[in-house]
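What follows is a group of structures, each given as structure tokens.
Look for chain A in each of the two complexes below; its partner is chain B in the first and chain C in the second.
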Partner chain A sequence: MRLELGNIFIKDLQFGPETKVEKGILYVNKEELLKEVSGDEKVKSIDFDIVHPGDSARIIPVKDVIEPRVKVEGKGGIFPGFISKVDTVGSGRTNVLKGAAVVTTGKIVGFQEGIIDMSGEGAKYTPFSKTHNLVITCEVNDDVKQHEHEEAIRMIGLKAAAYLGKAGKDVQPDEVKTYETLPLLEQVKKYPNLPKVVYVYMLQSQGLLHDTYVYGVDAKKIIPTFIYPTEVFDGAILSGNCVSACDKNPTYVHLNHPIIEDLYDRDGKDINFLGCVITNENVYLADKERSSNCTAKLVEFLGADAAIISEEGFGNPDADLVMNCNKIEEKGIKTVLVTDEYAGRDGASQSLADSTPKGNAVVTAGNANELVVLKAMDKVIGHPEAANIIAGGYSGSLRPDGSIEAELQVITGCTSEVGFNYLSAKGF
Partner chain B sequence: MLNLVEKLIIITNNPLSKEFFNDKYEVQFINGSLMDVLIKVRDLIHKGYVLLTHPLMGSVKPNQTPYKTVAISKLPKDKTDEQSVLVIENSIQTAQKLIKSKPYKKWPEEVLEDFRVIDLELIKSIF
Partner chain C sequence: MMKVVHYINQFFGQIGGEEKADITPQLHEGVVGPGMALKNAFKGEADIVATIICGDSYFAEHQEEATKTILDMIKKYNPDVFVAGPAFNAGRYGTACGAVCKAVKEALNIPVVTGMYIENPGVDLYKKDAYIVLTKNSAVGMREAVPKMAKLALKLAKGEPMGSPQEEGYIPRGIRKNYIADERGSKRAVDMLVKKVNGEKFETEFEMPSFDRVAPNPPVKDITKAKIALVTSGGIVPKGNPDRIESSSASKFGKYDIDGVYDLTEATYETAHGGYDPTYANADADRVLPVDVLRDLEKEGKIGSLHRYYYATVGNGTAVASAKKFGAAIAKELIADGVDAVILTST
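Presenting the complex of A and B:
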């Protein structure tokens, strides 16, 4: 399966009379966009804002971040199972409005975190302070239940991103990147002397507000399966996850998956990247046993010499991570784990809720308990009252000057467990 | 999904879970904290009951939500289940660490209701 990603670099985002991309500027017709995303009876109001890198602006609480993409050639359309039919995606050409993002905010539950600061200290911790963001604030009717609320906002975000993506359909991309994975036996033959690597892609699937979808299917109901990495770039996997701002994978991150991109970079150089095995993180312990058994079986069946395993979330998923590690290692296949940590303010406590001696190669994305001070912003978009709850509640405290002292875990994407973040350690 | 032959007991301090499961399963309601629930579960595991759901389910941390629902086997085995011991002990240790690092705050009632709903919905996902 071969996919070309045509990146159109977006330098600015503005409202205008026509939705189009011109000279690197994405113009958005507000009325047309509203027409495109509205229609759900549960939704009371929808508002749009635009924020740019460097603005004194805070978005809170962030639900999802989505990159506008459009299918130009090849089967299917973007976000199969939701926006498009369920054709297998991942081949042909997809154009990307690189530098633009749709950010949805929604206070689905009262304790929701998720901050994007466009400037100041907080901006250093989130990758979404570097994108030009179209922010969608939507309010629902009072009688709407949490799961309906989540679904309504999820669909509005996906529709908006698909609508904006269409503006790039006939635009000549600034760069084209090609990614290819061959059917297994051919891929193995292509680089016969290089170690064969599989990516075990764990998806958050614990239940309400903790869901991920694969071609429209709730990931808690899948058994582990193989997926071509390029399918992910077309939105085959997307987020319905609203909790744990710092280490959930927004849809944007699935679309720009850094582990997959890095494995492709090294494919043919020092590894042979065979593809992805997707698996879930359920609540029921028997599901964990079944899924980790299937995952290990599939990784072995694919003939992997090594597997990279990433998790999404903390606590319960640590058990899945450890089971996957143990069972894959027991088959003589080396593993590298990717996670983040809840290691206390000083980073000195046990980082995960589970561990294994076989987990002897682990990459950390940072300590979510570390403290940060977020300065007051001129503009707060979304639901400013959420800031008061976060500030007054568990995660931080509101200072007299309006700044917030909080743990890193309130910042969207800051300890991304697939490495889509900035925290790192350097040795000198 | 729950194995249809599995019989279980619900241990919870969440009134919503109690109400939902009461006429379907045996429910042991704990009039106490999240930690009290975990300790009750640990005690039962040492008596031979098997843990069925992960005690740290959900990304809402144990020092955020005051509510917890856990499912264990209906009948004890002759021998303590080692895997259950490991999971509950790790969970207790993790919960203690986070609560010590940042204790609970007093949440408004509507936020508490959200915590109750999330706890119930996550445990319902196994059925």
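Presenting the complex of A and C:
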């Protein structure tokens, strides 16, 4: 499977009479966008804002971040199973509005939504302070249940990103990157002397409001399976939003999967990248056993010499991470784990809920419990009082002057366990 | 010039060996014993203004009192940094160095440094509270340990930022601190993977703690013939706690004769454990250490016999290193006494 990603560099984002990309500026026709995303009777109001890197602006509580993309050539469309039909995606050409993002906010759904600051201390910790963000504030009717609330906002975000993406359909990209994975036997033959590597992509699936979707299917219901890495670049996997902000994978991160990108970068040089095994993080022990057994079996079957395993979330899924590590290492396949830590505010507590001596190669995305103070911003989009209840905040997190003291956990994408960010931790 | 107070035990204080281990804290102006090497290593930047010597047994048995006396002695010198040991692999000495360091840090807010061998029980107990320089297991390692301790002490006294354990030579305290790395996490993961798969050296960013998982033994073949012993970390001791097992961070275990004992009563037994509500254990210690039930089973012929001695310690906040040591010592005695099976009770 071969996919070209045509990156159109977006330097600015503005409202305008026509939705289009011109000289690196993405113009958005508000009315047309509203028409495109509205229609759900559960939704009471939809508002749009634009924020730029460096602005004195805060978005809270952030549900998801999505990158506008459009399919230019090849099968299917963006977000198969939701926006497009469930064709297998990941081949042909996809154009990307690189530098722009859709951010969804509105009254809190659960406890696990985040903060994006566009400047100041908080901006250092989130990758989404560097993008031009179209912010959608979406409020639902009072009688709407939590999971319906989440679904309504998720769909609005996806629709908006797909709509904006279309503006890049006929634009000449600034750069084109090509990614290719051959059918297994051919891929093995292509670089016969390089170590064969599989990526084990763990998807958050701890229960209601802890969901990830694969071609429209709730990942709780999947059996671990193989996917071509390029499938994710077209939105085959997307976020169900409500997991701790710091270490869930927003849809943007699935689309720009950094481990997949960096494995491709070394493919044919140091490694032979065979593809991805996706698995879930269900809460029942039998499910954990079944999924980790299947994952290890599949990694072995693919003939891997080594695997990167990434976790999503913390606590309960630490057990899945450890099971995957043990079972894959027991087959003689070398592993590197990517996780983050919950070592307490003072960094002195045990970081993970489970452990294995086989996990001797671990990349950490940092201690999510460390405290941070986020200064007051001129503009706050959403509901600042959510700071007192989101995971990582506490009663009193929002101070009278508008500043926020909370754990890094509240910052969207801060301790990304697929390594999308630069934060890490050391032992002292 | 910066001021240092130094703590050592009776042996390094040149007072005597085990026979002098019960001496109370003594204060000496200036340098004693290994303090000379330490002073030299400060190269004129700091001076040891006083040395405190205390017997290891005295400290272990009178920790609260000894700590108070030692703190009073240190206070009047108002030192810039406090140094204890190095204790190498001496268990009671290491524990004393750690405990004094912790108290000095907490009560006087003075930075502290000590030195120990990795297996010293003081390491597990106090590595979070003090910078412990890694030493060899005996005083042979003095020459190597002293300059590292001196360097660390000067750094702390000056308030300079502390480097990583690898850079500075101290035992990792298990404190995790965030930093912004040069490469994103995914790139670091791929780099680590390439190294690992090629058999090259790589450095994990997080050491997974090793949980000691013990596989259960096979079942006892014939329980009606088996000699069974009771061992508890629930702190059940004869009334009055004759061995003075600590209510927390136990430094020892006790061995008690229950020949002819058929029931543990409020008048005869109690718990030394400080980590749970003792009301029910004190009212009837059989609830934690089921002697009464085992006597019944013994009488009914359902077990062979109850071992004449039971063992007890306090599990509350006790270092894994200490617990391991107790366990090994108890197991050795039980095997020598021909015990077939053990009932372990915890609280």
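Some points to look at:
Please note the rule applied: the second predicted complex is superposed on the first by the 404 of 428 C-alpha atoms of A that agree within 3 Å, B and C clash if a C-alpha of one lies under 4 Å from a C-alpha of the other, contacts with A are read in each partner's own complex, and residues count from 1 in each chain.
Definition applied: a residue touches a chain if its C-beta (ideal position, glycine included) is under 8 Å from a C-beta of that chain, and two chains touch if they have at least 3 such contacts.
The structure presented is a predicted model; accordingly, all values stated were derived computationally and were not measured.
Applying the stated clash criterion after superposition on chain A shows that chain B and chain C can sit side by side. In the superposed model, A:209 lies in contact with chain B only, and not with chain C.
Using the contact criterion defined above for the overlaid structures, shared-chain residue A:271 touches chain C, although it does not reach chain B. Touch criterion met: A:308 reaches chain C, while chain B stays clear of it. The superposition of the two structures on chain A yields an angle of 50 degrees at the Cα centre of chain A, opening toward chain B and chain C, reported in steps of 10.
In the superposition on chain A, A:283 contacts chain B only, with no contact to chain C. In the superposition on chain A, contact of A:350 is made with both chain B and chain C. Using the contact criterion defined above for the overlaid structures, shared-chain residue A:110 touches chain B, although it does not reach chain C. When the two structures are aligned on the shared chain, A:184 is found in touch with neither chain B nor chain C. Closest approach of chain B to chain C, taken over C-alpha atoms in the A-based superposition, is 8 Å.
When the two complexes are superposed on chain A, the residues of chain A that touch both chain B and chain C are 350, 355. Residues 1-3, 6, 51-54, 56-65, 83, 86-87, 90-91, 93-94, 97-98, 101-102, 104-105, 107-108, 110-111, 114-115, 117-118, 121-126 of chain B touch chain A in their complex. Contacts from chain C toward chain A in the complex involve residues 128, 162, 164-165, 172-190, 192-194, 196-198, 202, 204-211. On chain A, the positions that touch chain B within their shared complex are 109-111, 146-147, 204, 206-210, 220-221, 241, 243-244, 248, 282-288, 313-316, 318-319, 342, 344-345, 349-350, 353-355, 369, 389, 392-395, 407. The part of chain A that touches chain C in the complex is made up of residues 124, 195, 197, 258-259, 261-263, 265-266, 270-271, 305-306, 308, 310, 334, 336, 338-339, 341, 343, 346-348, 350-352, 355-357, 359-367, 370, 408, 416-428.
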